[in-house]
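Below, each structure is written out as structure tokens.
In the two assemblies presented below, chain A is common to both, partnered first by chain B and then by chain C.
After this line comes the complex of A and B, so read on.
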């Protein structure tokens, strides 16, 4: 258990399998036809803005919401209509939901008690779980006497002590401050490797999702838009929403000319790494760190290139972030002839020479680093 | 000049408010102090002071009528408190959790007994019992007013008070805790027993104490719905006072005051939000 198991390790039966899962609350569709397979031992993140249906999806796995339609299986067993107390999963709730009238030890022992495990056996398991999350010595405190980070550990121990087949985490780091959150990200990831349990993690923080998970599922308005490894969704977003939501990107509007070539509104026809149907409105996604800046006219031949003017330069310590106006606003020296204006954000390491606002520049990028996305 | 004038106005306003506060305070508490002081008066006559004595407390507790009335009061108070606490808590839970037909109507009317004047409630209940007894009599049994009807009447108004207090507690209750319990393999019933009930218990206890106090203090409704032999202590005091105030009544009233204050303070203490340290 020393290294992360690959997504398809362990049994060939997926930990969680969803087919056409939908959830309606009166006339609001919260989750709309989600198909998803999560492998045994996988750390899977459900990512999306608030209200996208990710928490409802998680609650359906937990049994706290019952799907309006669709099939849901946990390790091959159809559980869609099972009550939560019969499902082999446990949840770490967003605000932890620790029982305020019980001590830390009583909180952790609750699930064991409900399954009829008592006495020395239960004591030993509670002690193990307490040690796993490094809460020794806190056993007799009440949740209200603990810090946010400690409460989070109790919530984890209370769930993990039951050895669930799948651990569900609903924005578990959302209530922590930034520094603690980053520490807990590392710790959670290590913990998952140690226990080898499938983790399904809900978050709206794309950095968190990319940093922690084996695979990410991006949701918006109840739909699952794309599932892939962090690198796949970051480097090859399947839609405009994903490109925009995962990390920062420049979206240059245009129309596809051939499956892999886009005529940009700011002028220039460029190729991308992927293909779309020709003749439809689309946008080219170029990540800021993929944009190369050159003094005007010094751009290398071959790669797509646009002329522009720096309108803003921000020093971030480890990098510069430049805003470059391209397209119609470019002055007489420019070669761009598009009828629209756009801005491109570029990022460069501080080692390179600093450029100032007002400087005429050329921006270029490698076609392999770009993706053309439809609406 | 104008600033001086403002300061002067402010000062006199402050003095006036202070005086008013003292006046209100005196208005509320002087009669109570007089009652308590005169309950320790050794004299036969209420308005003649004859030295400190606990004599009337002894007389009151030796009076069989007082003891019998106290017995009725306690039976009515304890039984009506138990029943109304169970029913009132159930009503509060139902209104808090479930969306059922007629919920809004029930929500609006469950508190009605709190605002209906006591006298209206008393007449209402008396008429109700009379009609109900008439109907039951056509089937045979002949029922009369008594301790049971007093207790039923007290249940009728106490349900509302318990429901209000428990509902307030439920409003602060985090339903995610129940979901957490369900997620940790607890059945709905065990979730209620192990999580919901312990956490709303202070509200239920506060409601019960309030019900106990209201039952022990009630005169009007008890007087109307009690038959002969079902005289509660407040009703006894009220009927005796027509023959004039006696030092014995002062003693009884003081004892009832002490009991009421104890119960109300306990009820308020229980309704306070949980402190963060145990």
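After this line comes the complex of A and C, so read on.
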């Protein structure tokens, strides 16, 4: 696991620090030995498919679940056994969990009231938070009278009004339609810069995670597989799961021959940018936009190259997506002579000449753009 | 998804289009859209006629055995009692109603209301934690526990009340225990305390069930949200759980208060001569005292009290529907 240090940390004490955090629900291990440091002022995304333990991890930071094992500190204070109302964190819940029997203003004022802040001071802070999320004029409405986007803003204001040290967001954009979601992504990112609070964001949407966060932690089956900047995680996935989950990729099966060379099942021995132990099953990850297509035999010397046949061409407006069959199906004269077939997805800009299904082609890529991942 | 909401012209908001609720009823009825083919109109009429036909037996039954006697009671309450104890259906007057303010009768009404109030409060205090426990169990266990709650409810009421009488009697186990512990025999049977205990036992199910329904529908994520917003467990309960289960609380209170107020069997068996309640008093007017107009007037009073309680409950559940409609 490549564990890059949090970039430009505001203070030397991490906002959230987890050591060997596990959570078991009767027989099920929801979170399994997570070590994680989130820096002060960071926008951190916990990314993974549903059921991977990301929400449980978030709930443990909030205090809504108590870890079965491990240490958890928020700004240096051990909080693992603290109840949620003692922790300096607030949560924007999935589906928002707004109080239906209270108005927008009452919802936002709730946290202040519970901490004994009332009167003009509370009114001023509620007004500020309302303005921050642009909900002026909605103060006296009930949550049921608001649209999904507005409810989301109330949930944000209700949490931010308390000036939490860490704001936890559990799939906050999941219930919004695509267009609104994209707007809110930009807005949330801007808001985080404005308030300077550490955001921990849980999502299953990898594009959202890449677009919004300073660093991403990828989880699967309770484990934290990789932590890094979006570019690190995308370009150098640490495992097959990460390569496959983040963006689209071609995974070519094979066996490592030397630390950085892989014998692919479709034939050809190729090198990759990283190293693995020799002799183990592995896969080569090549991103579709890194795959170059050439007419058969016109591939430049030096780079890894496979011959194949286009089986499908899809026009997307700004790009073509081609599916290329390589390996066993390739006719005589091809360089690939493996005993297995595979398909490779390639993307090319629409400016280049279009290729049709059935055309024999060669695909190549730069070794620096590929990663070999273990099973 | 918009909430399922009864089309109510008074509550309708101008921004919400409710195509099913036209502003004025058309000849074909409120649910008929503007344009219908003759065949559709015929089909609709036939459907409505079938519906009326199916409702007839029940409606007739209620008319004969409920509406007519109720009408008779109301009529009798304005009638005159002759000196021989007969009821003369002439000389209509309000004398019976005026007697409600009498010290004796007023006292009985006040005592009945007070004991019904006590019963309601005790039921609420006993039932809320229980319903809370029930509603937070896994669904399978919930169903089984619910059956256990229903068993006493299905058991013959008289048997249950006589069981209590045995328990509380001066030769009963409760007294024996008290004596063994050195507190002496206790005399609780034939006191208001015994009546309240009996009514709490008898009506507890009426409190548990609506509370259970409200708590079972409760969105516990809201409690988590409150805890996350610095509310202690107790504060989250009072500020979130209680307001959101208010409809169940009001429904339960109405369902317990109304039968407690007019209760007859329990006070007759567990209450002493000193604990005369309105139910027994009404019965006495129709039987021993032979004052039907007074009995009828008091019955009307009980019915009015019940109607008020039902109205409160109706408004309460409509409110709950409105405030909690969309977010769940």
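General remarks:
Note that the second predicted complex is superposed on the first by the 367 of 375 C-alpha atoms of A that agree within 3 Å, B and C clash if a C-alpha of one lies under 4 Å from a C-alpha of the other, contacts with A are read in each partner's own complex, and residues count from 1 in each chain.
We take it that contacts are C-beta pairs under 8 Å (C-beta built on N, C-alpha and C of every residue); 3 or more make two chains touch, one makes a residue touch a chain.
Treat the numbers as computed from the prediction; the structure is a model and nothing was measured.
When both complexes are superposed on chain A, chain B and chain C occupy overlapping space and clash. When the two complexes are overlaid on their common chain A, residue A:278 makes contact with neither chain B nor chain C. After overlaying the two complexes on the shared chain, residue contacts for A:195 are found with neither chain B nor chain C.
When the two structures are aligned on the shared chain, A:143 is found in touch with chain C, with no touch to chain B. Of the two partner chains, both chain B and chain C are touched by A:83. In the three-chain superposition model, chain A touches both chain B and chain C at residues 62-64, 83-85, 89-91, 93, 95, 97-101, 110-111, 114-115, 142, 144-145, 158-159, 162. By the touch rule above, chain A contacts chain B in their complex via residues 62-64, 83-85, 89-91, 93, 95, 97-101, 110-111, 114-115, 142, 144-145, 158-159, 162. On the chain C side of its complex with chain A, the touching residues are 3, 219, 221-222, 224-233, 235, 239-240, 243-244, 322-328. Those residues of chain B that touch chain A in the shared complex are 174, 176-177, 179-187, 190, 194-195, 198-199, 274, 276-278. Residue ranges on chain A touching chain C, taken from their complex, read 62-64, 83-85, 89-91, 93, 95-101, 110-111, 114-115, 142-145, 151, 158-159, 162.
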